[in-house]
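Chain IDs A, B, C, D, E and F follow the sequence of writing; residue 1 opens each chain.
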Amino acid sequence: MLRLSPPGHERLETANEFEVRAAGSESNVAVAAERLGVSSVWMSKLPDSPLGRRVVGELSRYGIDTEIVWSREGRQGAYYIEHAGKPRGSNVVYDRADAAVTTAEATEFDINILRDAQVFFTSGITPALSSTLRETTKTMLKAAKQNDTTTAFDFNYRKKLWSPEEARETLTSLFPGIDILVIAARDARTVLGYEGDQRQLAHKLGSQFDFTTVVITRGEQGALAWHDNVLHDQDAYETETTDPIGTGDAFTGAFIARRLARDDIGTALEYAAATAALKRTIPGDVALVTKEEVERVVSDQSETISR
Amino acid sequence: MLRLSPPGHERLETANEFEVRAAGSESNVAVAAERLGVSSVWMSKLPDSPLGRRVVGELSRYGIDTEIVWSREGRQGAYYIEHAGKPRGSNVVYDRADAAVTTAEATEFDINILRDAQVFFTSGITPALSSTLRETTKTMLKAAKQNDTTTAFDFNYRKKLWSPEEARETLTSLFPGIDILVIAARDARTVLGYEGDQRQLAHKLGSQFDFTTVVITRGEQGALAWHDNVLHDQDAYETETTDPIGTGDAFTGAFIARRLARDDIGTALEYAAATAALKRTIPGDVALVTKEEVERVVSDQSETISR
Amino acid sequence: MLRLSPPGHERLETANEFEVRAAGSESNVAVAAERLGVSSVWMSKLPDSPLGRRVVGELSRYGIDTEIVWSREGRQGAYYIEHAGKPRGSNVVYDRADAAVTTAEATEFDINILRDAQVFFTSGITPALSSTLRETTKTMLKAAKQNDTTTAFDFNYRKKLWSPEEARETLTSLFPGIDILVIAARDARTVLGYEGDQRQLAHKLGSQFDFTTVVITRGEQGALAWHDNVLHDQDAYETETTDPIGTGDAFTGAFIARRLARDDIGTALEYAAATAALKRTIPGDVALVTKEEVERVVSDQSETISR
Amino acid sequence: MLRLSPPGHERLETANEFEVRAAGSESNVAVAAERLGVSSVWMSKLPDSPLGRRVVGELSRYGIDTEIVWSREGRQGAYYIEHAGKPRGSNVVYDRADAAVTTAEATEFDINILRDAQVFFTSGITPALSSTLRETTKTMLKAAKQNDTTTAFDFNYRKKLWSPEEARETLTSLFPGIDILVIAARDARTVLGYEGDQRQLAHKLGSQFDFTTVVITRGEQGALAWHDNVLHDQDAYETETTDPIGTGDAFTGAFIARRLARDDIGTALEYAAATAALKRTIPGDVALVTKEEVERVVSDQSETISR
Amino acid sequence: MLRLSPPGHERLETANEFEVRAAGSESNVAVAAERLGVSSVWMSKLPDSPLGRRVVGELSRYGIDTEIVWSREGRQGAYYIEHAGKPRGSNVVYDRADAAVTTAEATEFDINILRDAQVFFTSGITPALSSTLRETTKTMLKAAKQNDTTTAFDFNYRKKLWSPEEARETLTSLFPGIDILVIAARDARTVLGYEGDQRQLAHKLGSQFDFTTVVITRGEQGALAWHDNVLHDQDAYETETTDPIGTGDAFTGAFIARRLARDDIGTALEYAAATAALKRTIPGDVALVTKEEVERVVSDQSETISR
Amino acid sequence: MLRLSPPGHERLETANEFEVRAAGSESNVAVAAERLGVSSVWMSKLPDSPLGRRVVGELSRYGIDTEIVWSREGRQGAYYIEHAGKPRGSNVVYDRADAAVTTAEATEFDINILRDAQVFFTSGITPALSSTLRETTKTMLKAAKQNDTTTAFDFNYRKKLWSPEEARETLTSLFPGIDILVIAARDARTVLGYEGDQRQLAHKLGSQFDFTTVVITRGEQGALAWHDNVLHDQDAYETETTDPIGTGDAFTGAFIARRLARDDIGTALEYAAATAALKRTIPGDVALVTKEEVERVVSDQSETISR
C-alpha cells in the first residue's frame, strides 16, 4: 500500500507535504527476503491507476517480482504515519477502507505461483481488512499446504483495525495451516491471553498447535524461537533508530530467507536480528539492506564511518 | 477534502512526495467570497482524525468559519492531482469512496446557519458522491429557500464521478430550488444536451427553469450572465497560469460576494473574472487574493513587479 | 511574530532557506490553552502586510481568535533561530526593532475583550521591546484587575533584549498587578538576585508580593508551585526533544487552562508538565497537542507506535 | 548512468542540491519501448556499488529488465545538467571518464539475450566513450545480425564527447550492420557533411547505405522516414516543455515498439511523435508515459484537466 | 541585504519556507562587473551577526571583495519578494527600517578604496533609506570625483521607499557629481516629469546636466545610450524569464565592465543587454553568468541544449 | 572536491536527491584555521567547469583564498556519503579516479605562496590519489622546508584508497620533511604497526623520526600531543553529533591556528578539541565556527538556548 508521512517529526494536522513510499507487512517481508538472496514475489490486488502502479514500481525498484490483479474498482489502500519521539510516539492512521485488495479472492491469483514457491508468507493484517480477505487468506494457506509449500505467518495484531476478540477468533482458526508462526510477545498476551514469561509462552504455542517453528519477538529484548521443542534466544543488536516501522517484517523476511538457505535456527535468528537492527537505521518501511551489511553486523565488524 | 499533488510536473506514478492542501469546490467558493469581504461558513462532515482537523485548520487559516459534524466513521476524502502541460494535461484521481461526508444527512447540521445566511451555495459534485448526499443536497436547498436564503449552485459535472445521464437526472431535479446557477458551457452541452451558441444556451436555461440568474462560464472565452432576461458578457483577463484548479470556484465566490455587496451583474462579473484570473497565478485550489489585488486587476493597474 | 529557522542544524550564516512559522510567548500560551479546551484570543498590533496576515493566518489555523490592530507603520517583528546540539547550542537572533507592536498603546485595543476574559496573560518579553509597551503592559494589567479578570504573567527574561537591572526594575514594578506568576528559577537568580534553593525562592516570592500563585519552572527538574502558602512539586516527564523552544509557554498555557477548568494545583501542574513534554517533540514554537494526548501522558499510556 | 541536476533553473556553479535520476540514451529507448508494450532488456556494465545499484533500481521501477556485468573496477558514469531557458540554454557536463562501462567487452554479456531479441538497439554515444566500446559496439551489431535480430541505431552525435571527424569515421563504419537508422538532420549535416533539404538527405542515406529504414528527426519540425524508397512525413505534436532531454529517445523507443507491433511506418511515426511530445512534459530523461496517453495524443483527445 | 522569497509562486501570506539570498542593487552591479572580468569591491555597513556574515559570505562566493563596517547596532536589512505571473505580478515588501546600513557615514569607510578604483557606483535606492545615507552618498560621490574616479549611478526609483517628489529633489541634487547615469524611461517620466519619446528624453538629460553618458533602459524595448551627443540604440535579446529581479543591475554592471575594458558604447550596450537577458534566466538577484556565455549571446551562438 | 550526500539517513541506492557541498581534508583544515583567525590559502588543480568553480565558490564563502590551476582535462573529484547511525554506519564511496587534481605537478603552482606562508599543510589522502601526487607532495614538502615554512601533515589513512602497505611505504618516506604530524591512534596501529598504549605510541613516533610535534587523535578519548619530549593530554568535549565528517580536520586546523597565534601546546589542544566538538554539530565537512563559539566551549559557557 502507500505510506504517507510528514517530513521529520511534523504533525499530520499541520503538515504541508507528505513523503510517499510503498509499504505493508507482506511486501516488507518479501523485500527483506529478496535482499538476503531469496527470489520473492508479492501478490496483491490493486487499482489500475497511477497510485497502484506507483506501489508496484517502487517494489520493483527493490528487486522483488509482483503478481498483481489489476482492478477497475476500489481504492489504493494507504496509511498515514506521523513520526515522533516519546512521549508523543509515532501515530498511524489507517486509510484502507474500500481498498481494491479488500475484494481479492483466491481464485483471482495464479495458483502456480504458490505451487512453485518454497514458502508462502502472509500476515494477520490481511484478514483484518475484510471478510473476503479472511476467506482468501484461509484458502491460500490451505492451497500452499496442499502443494507442500511451507507456510509462514506473522500474527501482527493491529488494534486500530479490529478488536482482540475478533482477531483471536479469526487468527487462531488459521493456525492449523501454518508452519512458521511469528508473534510479538505483546500480541500473545493481549490477543491470545497468554500469561507467564516468554519462554513459557513459546512452549505453550509450540505444543498447543501444530507449528514447526514459533518465533516470539520482544522488541529491544530480542527474540526467542521454539523449534523441535528447543528454545533459542537471540538478543537485539544495538541500533540508532531512524524509522522503527517494518522492524518486525525485516526480522521475519531475513529469518525465512536464511532458513531457506538452510541455516540452523540460531544462525537464522542472528541474521534476522541483524537485519532488523539495520532496518531501524533506514527511513521507510523496507529493509533496504545488503547481505554484506547484515553479515558485518552478525560478525560485529560495523564501523562508524567506512572510508 | 485533502488535495495531494506531486511537486512541479512530476508523475503520480513515480512521485516521492506530495504537496498537501485543503481543497474542494464548496470551500474554494467560501474562501473566495471571504477574501472579497463576505463572512463565510463551510459546512461538512469529517472524520475526527488528524486529517480531518488538518482540513479545518487550513481553511481557518484562510479566514472562513467552519461548521463540522465530526464523525468516528468514514475516511477523509481526498483527490490526487498531477499537473502537466499539453498534451499530457493535468490528471485528477478521486479518492472519495467511503469518505465521512458521503454519510452526511441534513439533520446533522445546525439549520440556524442556513437560516441566518444570505446565500447558501453548493455544487454538483456533492450529490455525485453518494445517494445520501443527493438527499441531503435536496433537503438543504429546500430549507434555504424556505428561509428566504438565496441559493446558488455550480453545476460542476465531473465525468470521473458519474455518467452524464446520472448527473442530468439528479441535477435537473435540483433546479427548481436554485436561484443562481453557474454552469460551464461544456457541461451544458455534454450533460444537458443543449446545442447552439452560448447566448442561446443562457436564454434557454434562464427561460426553461425558474432561475434568477444563470452564469455560463467559458474558460478562456470569459463568461456570460443571464439576468432579468438580459445577457451580460465578460471577457477573461489575461493570466499566466500556475495552477488552473479552482478557477471556476474563484469566479463563483467572487460573483456571489459582489452581488451580496449589491454590485450590478456587470460589475460582479468583472470582479469574478478578475478573481478567477488571479487564482490561476496561485498554487493550490483556493483564491488567496486580497480585495485590493482584485480591484487593481479590474482597474487595469497591475504591475510586473511592485516595489 | 515570525520565526525564521534554517532546516535541521544548518547555520544561519550559510543557510539557503528558512522555515517560517508564527511564534511568540503570548501566542504560544494562547494556543496551548486553546488546545486544552479554553477559548483564547491573542491581541497584538501588526503591519497591514502579507507578513502580518501570515502570522494571523497561522494562528487561526491553530484555532485561536485574534484581535489585531492593523498598522500602516512599523515592521513585522521576527526572530531567527539556529537549532544545534551541545556544545554549540541553539542561537536566537532577535529582529524586533521598529516592529509595529512596539508602538501599541492600550487605547488601541478593545477593552471589552479584557473585561469578558477570565484570564489575561502577558509576559516579560513584551515590556522589553519598547517604553511604549512598558506603559501598555502596565495599563492592560491594571485594566484586567479592575474588571476582576485574573492576571497571569511569565517573567521570561531575555538577556539579548535588556540587562538584568532594566528587567528587574520594570518587571517588579508590574508584580502588584499580577495574580499568577510563572518564573524560571534561573531568572529569579539572575534578575531578582534571589538565592537559596527553589523551595525557598518560591516561598520568598509568594510572601514578599501579593501573588495568588507562583510557579517556578526548573527545566529538566520539573516545576514547583506555591499556592495558599503550600508548595506543590512536579517532575518533568521524560521526552525526546525535537524543538525545545516554547516549552515554558506550553507549560503555562496548559496550567492556566486546567486551572480555569477548576483542576487543583497538583493536577494542573501534571497537565502542564505533560503538555510541556509533548511540546518538545513538536517542531515550531507552539504546542500543537490534543487533549487526549496530554491525558495519555498524564496517565502514562503513551506508546512508541500507536497502530 | 546517473543524471545530476540542480532544481529548477539553478546553476551548477551555485547549486546546493542535485536531483538524481537514471538516464542514458539506450535505457531511455528501452523504457519508452517497454511503456508501449515491448518487453525490454538493458545491457550494461556497472560498478558493484550503491551508485550502480541505484541506476538498476530506478530502471527496474520503470518496468524494464536489466542484464548487468557488475564490475569491481571503474566509476559510475554520470552527467550533470543545468536546465535553462533561452538564451542561456540547458548545459550538459559529461562525467563519464573511467566509467565501468568504458571497459565493457562483448564477451562479458550473455549472447543469448541478443539472439532471443527481435531488435537490438544502441546509439552513437556508446562508441564515443572508449575504444573498447567502439569494438564492443561493432561486435554486438555483428552478433545481432548473425542471429537475424533487427539492429536499430540512433546516430546521436555529442560534440562534447568527440569531434565530427572521429564520429564520422567510427559511426559510418558501423552503418553496414544497421537496419534502422535514426539521425537528427543537424547531425547529418555537421558530421556527415550532407547538404540539401531533409528529403534529399533521407534519400541519400537510404540509397547510399543498406538501411531498411532511415528516420530523420527535425526537432519542432517533426520527423521524416525513408522506407522501401518511400518518404513519410510526420509533424511534431504541440507540447509544453518541462524537460527536453530524452525527446529523441522517446521517439525512437516508441517507433521501434510500434514497428514490432506491426504498425506501418506512418502509424509508428505518429506514436513516436506523440510519445516524444509527452516526454517533453515529464521531468527526467525517461518517457514515463502510458500507452493510453499516447493513444489519446494520436487521436487528439487530450484534455487540459482530466477529472 | 537579505532577500527572502517563497518557493515558486507561493504567497508570502501562506508560505512555510523562504529561499534566502544576498541581494541589492549595488552588490548586484558589482557581481555582474566581476563576472565580466572587473575586480569589484562592495562597501557597506552590516550588523556583526550571523545574518550580516551570511550576506558577505554569499557575495564572496560570487567572487567580489567586500569592505564592511561591522556594527553592533542596527538590523540586517531585508526584502521579501513574492514571485507571480500576470495579472498578480511580483510583489516586494521592503524590510529595511533600522538597518545598520542606514547609519553608515562616509568617514567610516576607507577612502583609499574609492581613490584606487576606476569607477565608483551607487544607486538611487541608497539615499532613499535614510537622511544619513543621503549625506553619505553625496560625500562619496564627491570624494570619487576629487580622486578622478569615474562615478556611475543608477536612478532606480522605488515608490515603496519614497515619493516622486522626495526622490526628485534628492537625486537631481546628486546629478552634478555623476559621470554615467542609468535611468529607466519610466522613472524619467514619473519622477523627473520628462515627456516626449525616449530619444528626446536622453538628449534632454544629456544636455541639461553634465553627464558623460546617459543610458535609458526600456525593459523589453532594450536600451538607449547618449554619449558625446550621439544616441546608440540597443534591442533587448529574447529571453525566457525565470526571475526578473536584478535585470537592470546586470545591465549596468556589464556596461561598466565593458567600458572599463575600453569597448565602445555600442559594444558595451550589446554586452549589457546580453548579460541582462541571461540574468532573467537565473534565479536570484545576481547575474551569475560567465563571460563566455555573454559572448555566445552577443554572437548569437546560444543553443537550446549544449551537449 | 565535491561531496554528494542523500538527505537525512536515506540510502545512496534509493536517494532521489543529493546535498552538494565542498569538502576535502586540506580545505577543511584551511577553513578551520581561517575561522580561528589565520589567513589561509587552499592550493589545488580543478577542471575549468561549473563544478570546479562551484568548489572554489563555496570555499570563498567560508573566507579562505584559493590558488587554483584550472585544467581543461580531468574530472571534478567527488565523494558520496550516506549518513547512518549504528550498526549501519556512514558509508563513503570515493569517486576521485581521473580527477584533475591527480595530475597536479609542483611546478604548476606559484612557489611564492609556499615561501610566504608560515605553515604548509597537506594530508595522507593526497598522495593516495596518484603517483603524480605522491611526487608533488614530496616536492612541496621539500620546498616548504627549504623556505623555512613549517610543515604540518595529517596521516589520514583511507583504506578505500590504498592498502596499509602502500600507505606505510609512501607516507613514512615523507616523514623526514614533516614538522607537525597528526595521526589517529587507529592508523598508527593499522598502517605503522605500532603497538602499546597511545602514550608509548606518541613517544615512539616523536623519538624515531624528527618531528617537532606529534598529535595522536583518539576519537571520543580526546587527543595526545608529544612536543619537546613532553606529553600533553586533552579530553574530548561532550558533543551531540550531527555530522562526524571533518572532525579531525577541524581539530588540526584549529591546532595549527592557535600554535601560529603562539598558544602553548596545551591551550592549542583545548581550542582544537573545542573546534572539533563544535564541528560535529554542524552539517557538512567544514567547521563553520566562530572564534567566540570556540572560546565559549573552552571556557565552558555554552548554553542550550542562547536568547
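As a working rule, contacts are C-beta pairs under 8 Å (C-beta built on N, C-alpha and C of every residue); 3 or more make two chains touch, one makes a residue touch a chain.
Keep in mind it's a predicted model, so treat the numbers as computed, not measured.
Any chain touching subunit B that also touches subunit F appears here: A, C, D, E. For the touching copies subunit D and subunit E, the fraction of interface residue numbers used by both falls below half; the interface is of the different-residue type. Each chain gets a centre from the mean of its Cα atoms; for subunit B and subunit C, those two points are 40 Å apart.
Remark: subunit A and subunit F have CA centroids separated by 45 Å (rounded to whole angstrom). Subunit A and subunit E have Cα centroids lying 61 Å from one another. In subunit A, the positions touching at least two other chains are 11, 13-14, 16, 57, 61, 91. Contact between chains, per the stated criterion, is found for A-B, A-C, A-D, A-F, B-C, B-D, B-E, C-E, C-F, D-E, D-F, E-F. By the touch criterion stated above, subunit D contacts subunit E in their complex at residues 8-11, 13-14, 84-92, 94, 158-160, 244-245. Per the touch definition, subunit D reaches subunit F in the complex via residues 4, 11-21, 49-51, 53-54, 57, 74-76, 80, 82, 91, 93, 95, 97-98. Interface of subunit D with subunit A (complex): residues 57-58, 60-63.
Put simply, subunit C touches subunit A in their complex at residues 61, 237-242, 274, 277-278, 281-283, 288, 293, 296-297, 302-307.
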